[in-house]
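Two complexes come next, and they have one chain in common, chain A, joined by chain B in the first and chain C in the second.
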Partner chain A sequence: MRQRSLIAITAALAAGALTLTACGSRDSGDKGSDSGGTTVVIGVDAPLTGDLSALGLGIKNSVDLAAKTANKKNYVDGVKFEIKALDDQAQPSSGQQNASTLVADKDVLGVVGPLNSSVAESMQKVFDDAKLVQISPANTGPALTQGANWQTKKERQYKSYFRTATTDAIQGPFAAQYVFNDAKKKKVFVIDDKKTYGAGLASTFTAEFKKIGGQVVGTDHIDPDTKDFSAVATKVKNSGADVVYYGGEYPQAGPLSKQIKASGAKIPVVGGDGIYDPTFIKLAGANSAGDLATSVGAPVETLASAKQFVADYKAGGYKEEYAAYGGYSYDAAWAIIEGVKKAVEDNDGKLPDDARAKVTAAVQNVSFDGVTGKVSFDEFGDATNKQLTVYAVENGAWKAVKSGTFTG
Partner chain B sequence: MNELPQQLVNGLLLGSMYGLVAIGYTMVYGIVQLINFAHGEIFMIGGFGALTVYLYVLPDGTSMWVALPLMLVGAVIAAVLVAVGAERFAYRPLRTAPRLAPLITAIGLSLALQQAVWAWYPGAKESINFPEIAGGPFEIGSVTIQTGDVFLIVAAPISMAILAYFVMKTRTGRGMQATAQDPDTAKLMGINTDRIIVVAFALGAAFAAVGAVAYGLKYGQVQFRMGFILGLKAFTAAVLGGIGNIYGAMIGGLVLGLAETMATAYIADIPGFDQLGGQSWANVWAFVLLILVLLFRPQGLLGERVADRA
Partner chain C sequence: MNAIGPVEPGEGTAVPRPAGRRPGTGRDRRPTALRRRPLAAALTAALLLAAGVCLYATRPDVPSPAPPTPPAPSQLPFPAQVVDVTFVGPHAPPPGAAPQFFAFELLLSVDAGPEVTVTRVSQPYAGMSVATAPRTPFRTRAGAARTIVITLHVTECETVPENDGLPFLDVTLRNTRAIQEQSFILGPRYAHALSRALQVACSNDSG
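== the complex of A and B ==
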């Protein structure tokens, strides 16, 4: 019988090991020497390794670029900006640890990140208790700013939390209208990954799609840890759907799209900003042509305001692309820089003692022309810029199809 | 349209892959009573071995018909080398230690191998595309079979047949059976048990490597974490089929694959179960099945062929 009890112990250990997969290295930004004046650190929290690192590294590099630009221009007199980037591996538990680490570093006066809404949930309170401003370039979950009952009763959650990205409350319906009115697809199969972001997006999409007359012919929830979606793909094929909406991110969306097409259902997969990444196309393969994604804001490349950013980013010699959230990350970092500038100027050119609270208050009122357009925040901490764009896969790359906003 | 035939094929394909990996768990367990948790990573190393051959050894644009056998060789070599190395340096020194010690070593080795590939294989910090076999899917009646799956359909039964022949008919295979029954007596009969154990690790790794090539062809990508969940599933399949029994591993894999696929496809249609269906619940149902099987047949579907020695 000992062997059987050994198997039981082993199974328990295996379950424990499942939670250990989140281990890994984290790299922090170098701390340069203090060459006179004050050093202000902008924290960055994003997945710098793992499946979502393409997006996370774009965020980190863009914040780095903002800090360097401010230093070069000597934008805030006597203040030198540095970044401190921590890796959250898209795990809420790592995110919370990173939040505590950043709070403990008294030079940190603002944080850009995270990428994932579920990670943000674990960080918000830590930052709010420390009155440390946090600006996410990518979180789209409406509940983060407007509370769990955002559909009926909006309520600001944390005074220290802001975002430069548009929420799913707008993104999902925007996608639904495009799919129904422009792409002329009437029967949808909705799939999500049960995470804060994916499930939220899928539900706002579903609600609007039904409202305007579309039909939901099936739903499924996938397990983000597996790569075998063949059973789901077969269900999609037999449901008679003419389009699939996926709430989730590209590491699953790519293989999912590939397997749906492989099953014989030649129908487009539509997703949110979480699938708007070149890696999606790489994973989904040649049959991904025609797949659609919505993403926040107008395409960075087309904005006059973004030309400088794109040029500077190239000149900066970063190894990775700025990816989907580069412009938003730059603007988020710049909002913090503006906040610091205000706090310093109000205090006769020195950092005030309660710098974190002062910066947070200043960020609420910032208004400047950023990479992605006018940057300012409403009473909930959401971006006032509510632009969205539909992208389609064409010749192996994302191509902007339509920009606009959802007006209800 | 009736989707049952397609779902059965989906389940059998997934199950064949579980089975190929489960053989490694079951053989090593049958002979040294070690649950080799690093086996999932041996599988992963096999995938990267095949990829290395394709990306760095063969010239660009080599036809898959030429490349595939060489990739398979590369996968097997990489997986076997790592498995034999692990046996020699991580498990053999602990052979007389209490059984939990090599188990913990195996878990540590699993994490170490994952992180090593993550850190040192170029581009492995994200999923890497695996080459695909050109050619459209094959339609047989209402069933669609992907080109990449053909490899699995062919390789899994052939591998099983080779394994059965090896274990039953060859001298080394019979030595393995003897060692599984009683290592001390086997040694007295002149069997080099150290060698037999190495052979068990190597064979298990070779089958995992075949499974890894099938994984790459099927999903079009490999990544450093691909072995972890799949390894757990394969271990489950080995227990389901009766750990220690090589046929049980394959049967357990097929049953597990079918159970997951059927749960994804049909549980949600049962009235009152719509919240409990779908792919995210498939694992739950697979484990419900495992518990049921173990309740009524604690030794697994095909029983334990090894003597209970504790």
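== the complex of A and C ==
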């Protein structure tokens, strides 16, 4: 009997100890990135050096923040996320080379980028052939998703291509409406940089401006490799225009605005998201007050969902600003993370052999509350959340003056 | 961490044991359960104790329930982020109405947050005016959607474009967080409907 009792007590203690050991191994879920298991790489392609690096580094850092956040939350059980950022220098040829490099890395299951629509054109087929999902936070050229004839017949181009940014099909006309109806400017001089983004945006602006009764008093193109725009500035002054619309990016738009004012034409320069950066104001100088830019999304300060992102970005210690596309980059990365999560959960907790194809398919159906609002994609791969804001230069900074939502 | 134990039969679903058979057969047919009762009891007690300690030690760090407090205004959504306005279709004008008056139905919905009041609806052209039914201001609570009829009146055809590609309405929204004016771009169906109505209104006007 005594022996039996001893056995009973010993067994009981052992069982209790085992139970406590098992219970002690429960993960609190906030241990950080040490989730072990599989490593999934999210590729990033953006201009990390050169004139547009302010935007590109904001994209890279925001994707990094999304990956770290997912790891910290152990958001996909058994998967640790890393990023692999490549510099395209805003050049299509570099972008295509980077696309091939990312495709060759089997750990890459999704790519965020690029910034420029012209770079995206060179990458789309490379990614699509590899069934590797690509989500741009910044491309606004409508043809990327809806085909060259998007104005008459929309046609999905690549199943692997998505974007979180609104397209120029809305951005250009929205700017035209603001310039004509709110700013009361009726005579425009239109300039572009002949690139996919700039020429496309100028085209959609011009079409709408004419439809609503505005007059185009002159057009010209600039060479983005120079900074001397005095000839076109003189043409603007002599045209009698009361506003300039520029399709292009801030490295050229800033000096262009400065030189137009210096020529004696004290009229506002208006552009798209490509000029919406503090660097534009620095380059354009004090006379840029009153210049306008449209940009994708609602002002960050009106988005409750963006507050956490802004705080986390600051806490992350990144040297560069998240800039115009930070929130959209975070959401693009998170869409990929959601796609990976779905692929893993549908395959008994492991990455499937055809993980790239499965992640691409899952991204088509994601729906979550992101930094910029509800994130999901339509049948063309475009963001369903289509908001835009007009910003004006006031006291040396961009200030939101009007926001719009496309609900068609 | 998410291990699921064997599924236990629910009440009344246990399969009856075949008659005449008992657990434990052969030489040692004395009920083993009876023989091992002290051991089993001690094991059970220890496991229960350990499980209790385990649950206590790993309990979520939940503070004692506090009385619910309304969210601070800074935590409430801006009205433009929770309101959606979509185009439904043309609305039949009252019999005998002049062609310079035409109407459309819109659907306004509020996704979340506090009640939203629409204080003003306008459109950008000087030669046209807009009235709403219900008349502004009107309120809509979160989770609700309501049909609005906008009636447009063309007073001066020369200042109204007949082929606007991206027409919109400016809607002033107010909730306890903020007052915002938001442009709702109602899309190509609205653009076509508006264009058709303007062509009718202004062809009659010129004649």
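Here is the rule we go by: the second predicted complex is superposed on the first by the 369 of 408 C-alpha atoms of A that agree within 3 Å, B and C clash if a C-alpha of one lies under 4 Å from a C-alpha of the other, contacts with A are read in each partner's own complex, and residues count from 1 in each chain.
The definition used in the following text is that a contact is a pair of C-beta atoms (placed from the backbone, for glycine too) under 8 Å apart; a residue touches a chain by one contact, two chains touch by 3 or more.
The structure displayed is predicted, hence computed values, not measured ones.
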* Please work out whether A:Glu155 is in contact with chain B alone, chain C alone, both, or neither, and reply first, second, both or neither. => neither
* Which partner does A:Asp354 reach: the first (chain B), the second (chain C), both, or neither? -> neither
* Please work out whether A:Asp378 is in contact with chain B alone, chain C alone, both, or neither, and reply first, second, both or neither. => neither
* **Partner chain(s) touched by A:Phe229 [first = chain B, second = chain C, both, neither]** => first
* Which of chain B and chain C A:Ala54 touches, first, second, both or neither -> first
* Which partner does A:Lys258 reach: the first (chain B), the second (chain C), both, or neither? -> first
* First (chain B), second (chain C), both or neither touched by A:Asp369 -> neither
* Structure fact -> chain B and chain C footprints on chain A meet at residues 4, 7, 9, 13, 17, 20, 23-25
* Interface residues, chain C side, partner chain A - complex -> 1, 38-39, 42-43, 45-47, 49-51, 53-55, 57-58, 75-78, 80-81, 84-87, 124-125, 159, 161, 163-166, 168, 178, 180-191
* Structure fact -> So, in the complex, the side of chain A touching chain C is made of residues 4-5, 7-9, 11-13, 15-17, 19-20, 23-27, 170, 173-174, 176-177, 181-182, 207-208, 211-213, 298, 302-304, 373, 402-408
* So in the complex, which bits of chain B are touching chain A? -> 1, 3, 6-7, 10-11, 13-14, 33, 35, 37, 99-100, 103-104, 107, 110-111, 114-115, 118-119, 125-127, 129, 132, 137, 139, 144, 146, 218-221, 223, 225-226, 228-229, 232, 235, 239, 243, 260-261, 264-265, 268, 278-283, 298, 308-310
* Structure fact -> Within the complex, chain B is touched by chain A residues 1-4, 6-7, 9-10, 13-14, 17-18, 20-21, 23-25, 49-51, 53-54, 193-194, 219-223, 225-232, 234-235, 237-238, 251, 255, 258, 262-264, 279, 282-283, 285
